[in-house]
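The data blocks that follow each hold one structure.
Consider the two complexes below, in which chain A is the common component and chain B and chain C are the respective partners.
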Partner chain A sequence: MQKKVKKRGLELRKNWPGYLLIAPAVLAILSLSIYPLFRGIYLSFVNYNLVRPNEAIFNTFAGLQNYVKIFTNAVFQQSVVNTVKWTVVNLVAQLIVAMLLALALNKKLKGRSLYRTLILVPWAVPHAIAAMTFTFLYNANVGIINILAVKLGMLTESISWLGSIDYAFWCVALVAIWKGIPFQMIFILAALQGIPESVYESAEMDGASRWQSFWRITLPIIKEPLAIATILNLIGIVSCFNTIWLMTEGGPLYSTEILYTFAYREAFINHNFGTAAAASVILFLFMALFSWIYLRMVREKE
Partner chain B sequence: MKKKVLAWTLSAAMLVGTGTFGIAVQAEEGSEVSGELTLLMTNDWVDENTDLGKEFIRVIDQYEEEHPGTTITLQGASQQDIKESFQTAALAGGGADVVIMDNSGHAIDLAAMGLLYPLSELTTAEELTAQYQEGPLNSGKFQNEYYSVPWYMDCCGLYYNADRLEELGLSVPTTWEELSTTLDAVLEAGYGGIITYQSAYAFYSFFYQNECPVFDTSGETPTVVIDNEAGTEAWNYICDIIEKGGLVESFKEATTWDKVYESFANGEATFLLGGDWCAVGVDEINPDLNYGITHMVSGKTQATILGGWTWNINANTENPELAYDLIQYLNSEKGDSILAVEGKISARKDFDYEKALEGKERLQVFTDQFPYTMARPAIINEKAIDELITNAILEVDYGQADAAQSLENLTMKLNENIDLNYN
Partner chain C sequence: MLTRNQKRGLRLAVAYVFIILMVFLAVLPFVYVILTALKTKEQIYDPNQIIPTYITFENFRHVIFESNFVRYFLNSIFITVVTMIICMILSVMAAYGLTRYRIVGAEKIKMAVLMTRMFPGILLCIPYYIIMRQLHLIDSYVGLILMYCSFTLPFAIWNTCAFFSTIPWELEESARIDGCSRSQAFFSVIFHVAKPGLFVTALFCFMNSWDEYMYASIFINTTLKKTIQVGMKDFIGQYSVDWGLLMSAVVISLIPILVFFALVQKNLVGGLSSGAVKG
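On to the complex of A and B.
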């Protein structure tokens, strides 16, 4: 029993070269991730209005005041609703399209490798480039979408898609969906490729339709990798800042404001790092929940 | 032994003290300052592929040659990010020694955060006011202390599509009433009205034209006066233009200036409200467009809003004297060639406007407007204030509120903002 306990210990003397080798990475993680995290949590509980650094109240304990301030802020409330809507819309759309594409690309098609490569292109395009390209496509004056829609008679006059409180959210979401699909698809495709062809052949011999094969064979087998990919994707969706900020800056009238853009606005426009940190902590809780689910899934799989 | 150590220590301290004093004297004497400096500019100024960048870098090289032992490193940032980039680095105790800033209140925010070096340590208020125009200088004034040295200035003008006005038999509007009736005619003919940047920038002019400063900044704490009689009148005028469809569709997405140029250059908008830089943007998109630029329309009085950029010295700099010397050099006649590339106008009082506008006569309207150009209110978090005013304009544009409701909401939010940052 004692031996077992010893084995589980750090065994510093014996393993010091290993610990030495990982030390730089550990230090980097501690300074670049752990410290900012705790600093952020700390800031959310203090008065930290950057433009009032000489006030006696600056950097003093604020209790839950920053949280009260943001929860009573109409823009924050709207950003929470938008974050949930943003997450659900992106997740569902990406999952469905990625699944369909993966199923199609799992078939023996002519030029399959080319299609697989092409489908990965959106993933490789930087967020800033994607945002700028789509902004141009949506442009009310020179955007191809408006030009085509007007020429085809679908619109009588050009619409400012990104300037519309009704459409801006969906237009930006479309860009995020377009960029997010390849990531999800790669995971699904990899899982699909692990299913032996013989399983489908046996099912076919037993008279199973394609739909039944999908529900009874494919989905149960890829369930775990699919869930893991979805959770990872979810973290990316919730933390999507660049696309939104570059296309609409959270506007018009906060119709595309999510928690991330709200926190940025509080920090860099209103200069209130206390409330910005409080909003970031709320965002962190969202992320932590998804990460916890992900880690549990990985552990269960192991 | 102890005495010996003490003697050596004192001697060393005296030597160091004398040396430091010597350096300080050398610095005070002016031209002998040297050292290393980092300048944070917007990307255009440090891009060797642009005429602007080429000329700027040439003048910097010239300064280095004239000041042996001085090394200047140029850094670039986008126009949208420059303040955030500098602020983040300066808060961490670093950052470029000198940074340029839009004169729309950024310097005041940074000064309030204690990130800018007070100019009183380097020069006197009298010297600054003797050297520079009042408006640009005051855009960097916080709690009676100057923090920014003005570089170049501009103001908002009225661009008009000359062919279109001629086609409709309309003359160029010069007053509120004329602008309103001209817009009616333009809209009735099926054309678009006004385009401008989606911010409070151009709209401040209408308040100033009606003798409403939006904020009264004469006291210790600014007071919101946007809802006084003159302010309400100006707001109603703006809302009347919006409600009749006077702002083109593209205004709703005009969060960058390039969308403003596009709208006007492509013929969507008949009028554009913007500064001298818009001419370059419009010409690049449609060199064949026949357009003119005139004074902003007048209300009770003539007024327009100030624009331009300023130099700011980082509070963390180790060489403020050198930083100020470089700024003075770039602001002198030796640096005028940089501004000449795009016909920009120095904020220096002795600047030769005629020489700068040679071949760019179209831009003269902006210098003609300088006598009645007014700076934005000198208030902490001006960007947040700007956002509130812009959102109120958008609420009217989207039909979510009428003039009275939006003004009431706006006044309340502006007061909340002042309360948060001053009281």
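On to the complex of A and C.
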């Protein structure tokens, strides 16, 4: 026991420059991420309505009142439904297209690296710019989508895509999917490139069809990187604020409102930090839960 | 019945068609953006001028010389470069400490760093507003850079650690046997080996902060201090949008991204998947 303590002391003395080197980064993360996280969670239990900062209850403990307030709010309820819909639509669409693209790009094609670079363009473009570009393309007066559709006779007159309750959600989702595919694809492609060709050749010799070798060989091998990529992608999808806010601001009639935009609206438009913090905590829990379910699903198949 | 070779040929053809279709979908919007930026106002509203028969650089001239756009562009460059430098210094130090010294709980620290990426930006943003107001850092670049570090730093640390674990550290040992001090050995030998990896990491930090919109729109109030992503909204009026100007602004703001692409072309795929980046 004595010896162990002594050894640990010696270890510490020998490695002190290491601790010194990681200290600034650890301090930065503690003060810039961990502390605000806990402060945010704390705020969700506090009365903090900036519209009425002189009220007696301002900055006092509120218990679960903020949570009760948002759960009885119809817009919040709709934003929860929208968040689930938004996540599932984005995730499924991105996963399928990215998988097909990665499988196609994994073949020996002429000009493969050129295609790969060009396909990465949507990922590299800043979110705000993508949002403004597509707002332009969807526009009722000058948008190319309307112009072409009318010219080709598919529409009798222009549609204000982003102003319509029926279409806005899908139009914005399309932009998020368009922007999200390359990231997912790169991960799958990197994993696919690690599988030696000989594995498929021997499977083919044994009479396995393409379909079978995909499910039996490819998928199990790339499962782990796929799971990591999907969770990272999920974080991006759920916090896809810029695209939604710049295209529709959650409208029309809250049809594109997700938890993230709801929390933003509560905080910086309605100035109620308490309920906004409560909504963001729900969002955080949603992300954690979704990742957990996904990881469980991946593990179960083993 | 198709022969095996025909089947293979067919599959290849399908792959080509699919990829080319996706390339078009990825790039075509921006082709149209460039075309629009080169049109006059009348042309933009004219369905017969989808592909313009004559072009003008008037939009670009206006954006560059008669708006605040260049100022916004430089503001963004300043903020992103400072964020990038801070993140790189801190993460190289931390990664060196974590890989070259025996740190108690090193794996746990790395996992905790990764976990911070799960925190939704809006959950941090609300307390930031209160903290920054107390520190008088609202409408200041110091505050904004600190917040930008909160999302670029975890990624930079994680990525640098990944690169450092692949470096042949015997090089450092032999340099030290030759009489170098530890820091000399690092800067004269290891730094050169790690340069490509650090370069990719730095550029991803650059991209992430260049992309940021929400914090900048909340915390910067002074017009001339705006970043490029927020400043872009200047061209969107209350009732009408000058699409020609907006689209030329989009084209100009994509220049750094193009430079970035040209620079990391080779290391992009590896750099992306090893460090797990999300823009």
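We take it that the second predicted complex is superposed on the first by the 275 of 302 C-alpha atoms of A that agree within 3 Å, B and C clash if a C-alpha of one lies under 4 Å from a C-alpha of the other, contacts with A are read in each partner's own complex, and residues count from 1 in each chain.
Operating definition for what follows: contacts are C-beta pairs under 8 Å (C-beta built on N, C-alpha and C of every residue); 3 or more make two chains touch, one makes a residue touch a chain.
Quick caveat: nothing in here was measured; it's all calculated off a predicted structure.
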Clash or fit: chain B against chain C, after overlaying the two structures on chain A?
clash
Is A:Y260 in contact with chain B, with chain C, with both, or with neither (first, second, both, neither)?
second
Winner by number of chain A residues touched, once chain B and chain C are compared
C
Partner chain(s) touched by A:I96 [first = chain B, second = chain C, both, neither]
neither
Which partner does A:V142 reach: the first (chain B), the second (chain C), both, or neither?
both
Quick one: is A:F268 in contact with chain B, with chain C, with both, or with neither? Answer first, second, both or neither.
both
Name the contact category of A:G251: first (chain B only), second (chain C only), both, or neither.
first
Could you tell me if A:S164 is touching chain B, chain C, both of them or neither one (first, second, both, neither)?
first
After superposition on the shared chain, which partner residues are touched by A:M154: those of chain B (first), chain C (second), both, or neither?
neither
Quick one: is A:V51 in contact with chain B, with chain C, with both, or with neither? Answer first, second, both or neither.
first
Which region of chain B runs into chain C, 9-17, 27-35, 45-53 or 99-107, after the two models are superposed?
45-53
Which chain A residues are contacted by chain C in one complex and by chain B in the other?
139, 141-142, 268
Taking the complex as given, what residues does chain B use to touch chain A?
84, 87, 91, 109, 112-114, 249-255, 259, 262-263, 266, 268, 380-381, 383-384, 387, 391, 394-395, 398, 400, 420-421
Any idea which chain A residues touch chain B in the complex?
49-54, 138-142, 157-165, 248-249, 251-253, 268-272
If we count contacts the way the header does, which residues on chain C are in touch with chain A in the complex?
11-12, 14-16, 18-20, 22-23, 25-27, 29-30, 32-33, 36, 44-45, 47, 50, 90-91, 93-94, 96-98, 100-103, 109, 112-113, 116-131, 146-147, 149-150, 153-154, 157, 182, 207, 210-211, 213-214, 218, 229-230, 232, 236, 243, 246-247, 250, 253-254, 257, 260-261, 265, 268-270, 272-273, 276-279
Chain A residues touching chain C - in the complex, by the definition given at the top
11, 14-15, 17-22, 24-26, 28-29, 32-34, 36-37, 39-41, 43, 97, 100-101, 103-105, 107, 109, 115-129, 132-134, 136-137, 139, 141-142, 144, 147-148, 150-151, 178, 182-183, 186-187, 189-191, 210, 225, 228-229, 232-233, 235-236, 238-239, 241-242, 245-246, 260, 263-264, 267-268, 273, 276-277, 280-281, 283-284, 287-288, 291
